[in-house]
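In the two assemblies presented below, chain A is common to both, partnered first by chain B and then by chain C.
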Partner chain A sequence: MSGEPDPSSSHGEVDSSDGRPSRRAGDETESTQRSRAAELRDSCSRIVRVARWEISRTTGTVDRKTVFVLLAVAIAVGIVGFAAADDGIGLEDEIYVVGVDEENPYHDVATASDQFRTVPLEAVRIDDGGASGNVDVVIEDRRIGYVGENGVAAYDAFRDAVEAYNEALMAGEDDETAAYPVLVEIEYQDRSFDGDLEPPVESEADESDGSGVEDSEDSAEGEAPEETDGEDSASDEDTVDLEGDEDEPTDGDEPPLESDEDTDAGGDANVTVTGSPGDLEPPFPFQSLILAFLFVVPMNFVIQAYGSTIMDERIKRRGELLLVSPASSREIVAGKTLPYLAGLVGIVVAITLAIGGGFLSVAATVPIALLFLAATFAGAMFARSFKELTFVTVTISVVLTTYVFIPAIFTDVTPIALISPLTLVVMDLQGESVTLGAYLVSTIPVYLTAAVVFLLGLGTYREEDMFAQKPVPTKVIDAIAVRVHGKRSVPVLSIVFVPFVFVAQLLAIALLFAAPPLLTFTIIFFFAAAVEEVAKSVHVYAGFSRARFEPTLAAAIVLGTLSGAAFFLAEKGTQIVQLVGLHEFESAIAAFGPETMAGEVADGPVVFAGLLLAPLILHVVTAIISAVGATRGRTSYVVALGLATAVHALYNIGVILLVT
Partner chain B sequence: MSRDEPTRERRIDGGSDEQTQESVQRGPNPPAPAGASANGDGDARESRFGPRWAVACRELRSLRSEKTIILAIAIQLFIAAFSSFLVVGFVSMYDPDGLGGQDIDVAIVGEDPATLEAAADDQAGLNTVRYDDRAAAYGTFENGQVAAVLETSRNEHDQLVVDVTAPEEGIETTLLVVQLRETLEAVEHDERLANADRLASTPLTIPDEVEASPYVGFTYTILVPLLLFLPAFISGSIVVDSLIEERERGTLELLRVTPLSLADVVDAKLAATAVLAPMQAAAWLALLAVNGTTVARPGVLILVVAALSLLVVGLGTVVALVAPDRRQAQLLYSVAIVGALVVSTLLPEHPANTVAKVSLGSATATTWLLVALYCLLGAGAFLAARATVERIDPAEL
Partner chain C sequence: MAILEVEGVRKEYDGFTAVEGSSFAIERGEVFGVVGPNGAGKTTTLKMLAGLVEPTAGTAVVAGYTPGERAMQRTLGFLPEESPLYEEMTAVDYLEFFADLYDVPDAVAAERIESSLDRLELEHRERRIGNMSKGMKRKVAIARALINDPEVLIFDEPASGLDPLTTNHVIEFTEELSEEGKTVVFSAHNLFHVESVCDRVVIMNDGRIVARGSLDEIRDEHGGTEYHVYATVDGSDGLEDGHDGRVETDVDETGSVRHVVADMDAVDAIRETVEARDGRVTDIQTETPSLEDIFLEVAGGTEPDAERRRDDGDGTGRSESEPDGGDDETDSSESERVVDA
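On to the complex of A and B.
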C-alpha cells in the first residue's frame, strides 16, 4: 500500500530530468553539457506539447449546449444585475414593523426607509406588557417606544433612519448655508514621534511620548517599511502649509457637498476632505479592498476546472497513457498546469488594466494564483472521488481567500497585513510605495509554500497512488514518504516545511488579531508549538511508517536530532520577521518564539548566545520526543506529538515570563 | 495525519461484502443491492422502496467514510466565522463603545468653541481640551498628548467651520473620525434648529440613543440566510458529483444490471442528499438558539430550506444527467446557482429577505406566498428530474 519508491519520482528532488539512465552515466565533459541543454530543450517541448493537448482537449470537449446555457445565464445575470445595482438586493427590506399613524411626522421616515413597514396604531397589538407584539417600534405623537426582543435593534435602526431622513430633507433646501451650518475640513498628518527608523522631524517631536496604548501602536507604524523618508518630508511640508493659511481657513463660498472626494483615492500623506459632518468617512481603504478582492474571485472558478482535469486523469486509469509516454511526471504536470496558470495571469493582467493597477498588482497576485493551483493539484491528487474533490477545492477556496483577504483589511493599520500579497495590491491601488523588503516578506513564503505543495503532489503522481482509493491522510503520508530516502533527506524536509509553519503561524496571528489578548496568547502559544512540532516530525513518522528507517530508539534519536537542528537553522532564516517590525506585536512573539526579541533583551554576548542556543536544544529535544513516539505507530506518535507540543509551548511561555 | 490508516486496515480485514460497501474500496464493482441484502435488509427488497433505501444508505455511507460531510460542516462553520469576524471587526471599528476603548482627547482652539464643547461632552468617549494659543494646541498634537486638533471659526455665511487635523493612519484615527462625525452631527442638528426661520422644513428630533446590539441586522439578514442556504447548495453539488462519478466510472452501468431502474437510483440519490440540508439547517438553528439568537418560526424556515434543497438538488440532478462531463456539470451548476441568486432579486422579496422576515417575525402575506412558491418549485424540480430520467436513454450515459 505504501508503495515502493517509484524510479521516476524518487530522484525528483535532485535531478531535473528524472529517471533517465543516460544522464547518470554521462561524464563531466562538454558533450554532456551540450546533451543537457538538448535535454532541457526536449523537456520544454514535451511540456509545451502536453499544454497544447490540454488546451485543445479542454476547448474541444465543451458542449455547444453548455456554452449556450452559460451565455444565457450570463446575459440574464447581466441584465438583472444592472437593473438591481441601483437599489441593492434588498436584504433588509421591511424587516422591522413600525406602528405609526399616517399624520405623524415620523410616518414619512418609516416610508422613506426600506427597512420598515408601517401599520396604523389601531392595528398594533402588544402583549405581556411590552414583551411581544406585532410591531417592533411604536410611535405616538413624539414619543417613540420599542416592543419585543428585536425592538431595541429596530429602534436603533429607526434612529439612523431619522438622521438619514433629516439629511434628505436638508438636501432639498434652497438656503444651503442654513441647511449645512457646519463645515468640516479634515487633514491627515503624519505624526512620526518615537519612530526608530526615521529621524525626528522636529525637535519638539523628539522624545516625547503619548499615552501608553497609543505609543505602541504608533511606533509599530513608524517602523513599517512603507513609511520612508520621502513621506516624512511631505509631512513636514504639511505642517508649514497649515500654519501658513491661518487667515483663511476654508473657502466658504464653495457649496459644501460638492467636494466630497474619497479619502482613499489619493493615499498621500496629506488628504484633505471638506464637507458637512455626514460626509466624514474614516480613512479606510474600502474601495481598494473591494477591487483587490476582484483578483481572488476568478481563481476560485479556475481551480474548479483545474481540479477536474487533474482528477479526470485518475478516473478509469486514463492517465496511464500519459505516464507511459516519454514525458516525466513533472513534465506532464507542468504541461497540464501551464494553460491554467497562463489563463489566470491573463485574467489578472486584464483586471489590473481595467481597474488601473500597476505592475506590482500583477507581481503580487501571481504567487496567490500559484498557491491556489498548487493546493488544488495536491487536493486533486489526494481526493478519492469528485465529491471529495469538490469539498477539497471549496476548502482551499475558503481558506486561501481568508488567508489573503483578512490581513489586507488591516493594510493601513498594522504591518502584519503584509503577510498577505493582497495587501501589496491594496497598497498599489492606493498609490502607496512598496519596498522590496515588503514585497519579499509578502510573497516569498507564498512562493515557497506553492513549490512545496506541488512537490508533494508530484510525489503521488505515479501509478500506485493515482489509481488507488486511499484515504487522504494516507496519501499525504505517502506523498511525504516518497521524499524520504536516507537520513540526509530528514533535515532537508524539516527545512522545506518551514514556509508552511511560517504561513500557518502568520494566519493564526491575523485571525486572532481582534480577539482578547489572553485568549490569543494561549491559543497561539499552543498552536504555534503544535505546527512546529508537526513540521519537525511528520516526515520522520512517514519514514518509520513506510519502513524507510529501522524503528529503533537509536534511529529515532539520530533522526530527531537532525530534524530539530535543521529546523532551528531554517527558522533563524525567518528572522526577516524583524524586517517589518513584527516583534512589536506580542502575539508575534508568542508565535515565533522568544528569540524574536533576543536582540532587545540580551544584556551581553553570553546572555545573547544563551538565548540563541536554548531554542536549538529545545527543538532537538522535542523532535526526539516525537521521533521516538513515531517508531511505535500512530497512537504513540500522536501522544508523543502532544507531549512535544506541551514542552515547546511551556518553554516559550517560561522564557517570555523570565525575560519580560 | 494518518488517523485513518488502522481503521482502513480493519475494514479490509472485515467481510468482503462490507468492504465493497465502503467507498474506500469502491473500485470497479460496488454491487449495492447485493450488499444491502447481505446487510440484512433482505425483507426490504420485496417492496420497491427497499432497493432505493439501500442506494440512499450507500450514498450517505460514502459521504461519511470520505469525511466529506464533516468537511462540509467545517466549511460552513468557517464561512460563518469568517463573515462574523468581518462584521465584528467592522462594527467595532465604527463603534468605539463596542471595543470598550478609552477616551480620546482632542484639542479645541479658535472662536466660538462652546457649542462644540457642549456636544463633545454629550458624546461618550470624547474629551476636549481648550487652548487659546494655536501653537500650543498643535504642539500637543505633535507630541501625541491629544489625538487631534479642532480649529473653529465662523465664515461670512455664519457657518461654523471646523478644521480637523488628525494623525494620518491607524485604527485610532478611524475611531477618532467616527467619534468626531457623531459629535459634529449633533452640533449640526442644533445649528439647523437655530436656523429654523431660514429653512422651509424643520428637521425631526432625533430619538435618544439606546444600548442596542449592532449585530442584529447582520445576524438576521446575512448570517441566518447564509447558514440556511449553504447546506442546500452543498447538497446540490454533492448530487452532481455523485451522479457524474457513477457515469464516468461506469458504475451506473453496473447498477442498471440490478433490478433497480435508473429512476430508482436517481430518486434515491436525490432523496438522500436533499434530506441533508434541512437536517443541517435545523442543527444551525439549534446552535444559534444556544448562542442567544432565537428565530420566530424555526419550523417554517426548515420547510423553506427543505423546499429550496429539493429545488437545488433537482436542478443538480438534471445538470448531472444532461452535461457531458464533470467539469461542465460543475460549471453549469455553480453558474446556475449564482444566476438564480441574482435573478431572484426580481422577486418581490429576495429569498434571503424572506428568511430574515420569517426569523424576525415580521412576515407579510407576500412572504407566505413566496414560501408556498418555493415548495411548488421544489416539487417541480423533482418532477423535472423525473422527466429527464425518463427522457434520456440510460445506455447513452
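On to the complex of A and C.
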C-alpha cells in the first residue's frame, strides 16, 4: 500500500478504553466543527463524481443507431432553425445565371440576390434556338427573357428579386411618406365572451395625428398594409400605416409613425409602422413562435434518455449499491441529473446563438428544461416497467409541450400567454422588453413545481420504494408519505403544493381560453376547486393511510385546520398574477378565486376584509371534510374530496355572483 | 467487544412483519452467519444493518454508527444477494468509480483494485463486465465491497449461483478476510458454507431468531451429539433402564440392537448391561447433527435424524450431498466410527 493517506480506510482507528470505538465521538466533534461550506463542497464533489460517471457510463452505451437518430434530430433542428432565422441556409445560392451587363439597372438586382450569378451579355451563349444555353435569364435593356429548362423558374425568381429590391429601396428611403404614399389602417376586434364583436375603439393614433387616415377599404386601391409590431397584447386595434400622414409629411430624421409607448402586455396601445403589403403577417408572431418551439424539441428527446437511466437503476437494482455508498440519495440524483440538465442548457444556448436570441431566451428556457427533467424523474421513479415509463414520458411530453407552447401562441395578444416561459422567448426573439413581473409570473411557478416534483421523486429514491412493484398512485402516496413526519409537516406540504395548484390552474385557463364561456367557467370552477382540495388533503390522506397519524376525528380536525390555514396563506402568493394583469381575465378569477378581484369590487374595508378572509374559513372547512374522509380509507377520502370540491366551487361561484 | 449490535429490531411492510424483534451482537473479527429459509427475514436484517432499510423499531449500531450515517457507510462493505453491475463498464472502471465515491485516493485505489482482483484471481480485467461470466462478475462485486477497505463486511449469499470452484474460492476468501481481522456477516442458503466459515450463527424463521450461538452451542441446544451403540444381545428389554436413550431393534438382519444415547457414561452403562447378559457390543458410532439438521428441526419441524434429502432452500429440491455440477461437497453432518469392535 502506498503511504498516501486514505480517508476511506477503516484501519488504524483507535478504540477507546471502554471498548467502543472512539471514532464516533471524535467524528461527531469533527462534524460539528466542519463548516457548512466544507460540507457543501464535499457534497458538490460527490455530485460531480456521479455526474462524471454518468457521462462516461452513458457514452459507453450509446450505439450507432442512437447516434444516428440524435444526429438526424440535431440536423433537422439546425435546418429549421437556420432556415427560419436566416431565410434560408444558402441552398439556393447562385442557382440561376443571369446574362446582364453591368450598366443595366437590373444588374444591381441580380447581384443583390444570392440566387443569381451574373455574366456579361457578350459571354452569353444560346443554342438550339433558345432551348438551351449557359444562362437562365437574359436581360437586354429593359427586356427580360429566359432560356432552357430552368428559365421559367429563374424568370419568376428574378421577378421576385426585383420586387424585393424595390421594397428594400423603399424601406431605405428617408422620406417614408414618399416611399409609402398610402395609409391603411387595420383594426382587430376582440370577440366578447358572448360571441359578439365588441365595438371598435377609437385609436390614440387617430386622435394624436388627427390626419386624414384612410380606412381599411383603401387597401383595395393597390396599396398594402404592414403588420404592427405587436407590442400590445390586449389592444383592440392596431393601426398600420403605409404612408404616414399625407398632409403632414414627417421629418425624414424621425420615424413617421411611432410605435406606441406602452409595452406592457396588459396596456392599450396603438402601433403604426411603415411597410409594404408583402410584410403583412398574421396577428401573432409566427416566426418567433416556430423558433421558440425549437427549444422544446430537444427536451422531448433528452428526457427519454434521462428516464431510461433512472429506470435502469431501479429495474436492475443497480441503484442499491449507490445507496450504500457515502453519497446521499440527493447527491446521487443531482449527479445523475446534472449531465442531462447541462446538455439541455448547452443545446438551449446553441439554439439561442443560432437564431439570434438573447440571455432572456436562455433564462426562460432553463425552468422548462428543469420541469421536463423533474417530471421525468418522478415518472421514472413511479413507473413499474419500461413500458409504463414510455407511457409516462409521452404523457409528460404532451402535457408540458402543451403547457409551454399553447399559451405562447397568444404572445402579445393576451396576458395569459405569460403563464408560459416560452412566451418570454418569443418576446425576446421579437426584441421586446420583458418586465420583472412578467418574468416572475412565467418562471417562478415552473421552478417551484420542478423543485416539488424532484422532492417527491426523491422521497422514493430509497431501497424500500425503488425496487418495489406498486401501482403509480400508490407510489405517489408513498412518496408524499415519506415527507409526512408529524403534524408540523402537514402545513408545510400544503404550502409546498401551491406551485402545483398554480400551474395546473394556469394550464386550465390556457387550454380553455378559446372554449365557449359557459363551458370554460364550469370546468374551471370545479377543476380549480378540485386541484386545491387535493393539494390540501392528499398528504393528510397519505399520513393516515401510512399510519403516520391516528385515524381519529380529532386528528382530522386538527390536521385539516393546519392544512387549510397554511394553504390559505400560501395561496396569497398566487396573487402574483396581478403583476401582469391576469386578474382582469374572467377565467383567471374563476381559477384563482373571488379574492383575486377583491380590490376592485370591495366598496369598503369590511367587504374587502371579508373577501380576503372568507377563503380562510372555506379552506379550513373543506380541508377538514377531506381529512375526516381520509381517516376511513381511500373510498371515503374520494367521496369526502368530492364533497369538499363541490363546497369550494359553489362558494366561488356564489361569491362572484354576489359581488359582480 | 461487539462491533455490531442489534437490539429489538423490527421491520414492517404495509402491515406485514418481515423481522420481529431481532437482537444479537457480533464481535470484531468474527464471521457471523445468518441463516434461515426463504422469507425468514435474513436479507431484510442485513439491509437494515447496511442502512438500506430503516427499522420500524429497535436499534442497530455498526462500528459505533447508526446504519445509514455517512460515516458508517465508509466502514461498511455490502455485497447484496443480487449484485447487478454496470455491464457497459470494465471491471477496473467500475471499481475506480466506487473508489472515487468512497474518497479513496487514486494511487490507493489502483493498488487496492489490483490487489483485490489478484487475490480473487480475476482475469480479463479490461473486459466489459457485460462480457464476463457470472463468477467473474461476482468477483468484481466482491472487489467493489472491499474497495473502501471496510471494517465490517455484509455478504448476502456471496456464492449464490456460482460453480463449485468459484464457490470454494469465495468461501476461502471470506476466511482470509476474517483472518485479516475483518468482521463478516455472512448469509447463505448453503449451510455447509455457513458451517465451514462462521464462528457463530443465528437461525431465523418467520422473521424471528429461533436459534443462536456457536455451532457447538446450537448443537447442544438442539440435541447435540448422539452415540449409537450396536450390540448383539438377547432381548432389548431393560437396556434403557437407568439412562436416557432409545432402543432400536431392527437395525440389521443379524438381530443386533442399536441403542442411542446422549453421553459416554450411558454408553458405558449399556456396555456393562450388554456384557452382563452375555451379549457383545459390536460397534459404537457418534452422530453429530449438522447445521442443516438443526435448521430443518427449528425451521422445518423435522427431526435431526430424519430424512437427509430435503429442499436446499433455493427450491431445487437437491440434496446437499448430491453433486452440483461437479460439486465436491459432502454431507455436512458428522458420522464417526469410534469403536469397531
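The rule is short, and it goes like this: the second predicted complex is superposed on the first by the 406 of 660 C-alpha atoms of A that agree within 3 Å, B and C clash if a C-alpha of one lies under 4 Å from a C-alpha of the other, contacts with A are read in each partner's own complex, and residues count from 1 in each chain.
Methods note: contacts are C-beta pairs under 8 Å (C-beta built on N, C-alpha and C of every residue); 3 or more make two chains touch, one makes a residue touch a chain.
Since the model is a prediction, treat every value here as computed from it, not as a measurement.
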Which partner does A:Glu463 contact after superposing on A: first (chain B), second (chain C), both, neither? second
Could you look at A:Ala76 and tell me whether it touches chain B, chain C, both or neither (first, second, both, neither)? first
Where does A:Arg57 make contact in the superposed view: on chain B (first), on chain C (second), on both, or on neither? second
Would you check which partner chain A:Ile409 touches, where first means chain B only, second means chain C only, and both and neither mean what they say? first
For A:Arg49 in the superposed arrangement: first (chain B), second (chain C), both or neither? second
Between chain B (first) and chain C (second), which does A:Leu321 come into contact with in this model arrangement: first, second, both, or neither? second
In the superposed model, does chain B or chain C contact more residues of chain A? B
Do chain B and chain C touch any of the same residues on chain A, and if so, which? 61, 316
Touching residues of chain A toward chain C in the complex: what are they? 1-2, 4-11, 13, 15, 19-21, 23-24, 27, 46, 49-50, 53, 56-57, 60-61, 316-318, 320-328, 462-464
Using the touch definition up top, name the residues of chain C that touch chain A in the complex. 1, 3, 13, 47, 50-54, 63-65, 70-71, 73-76, 78, 80, 82-86, 88-89, 93, 97-105, 107-108, 111-112, 144, 147-151
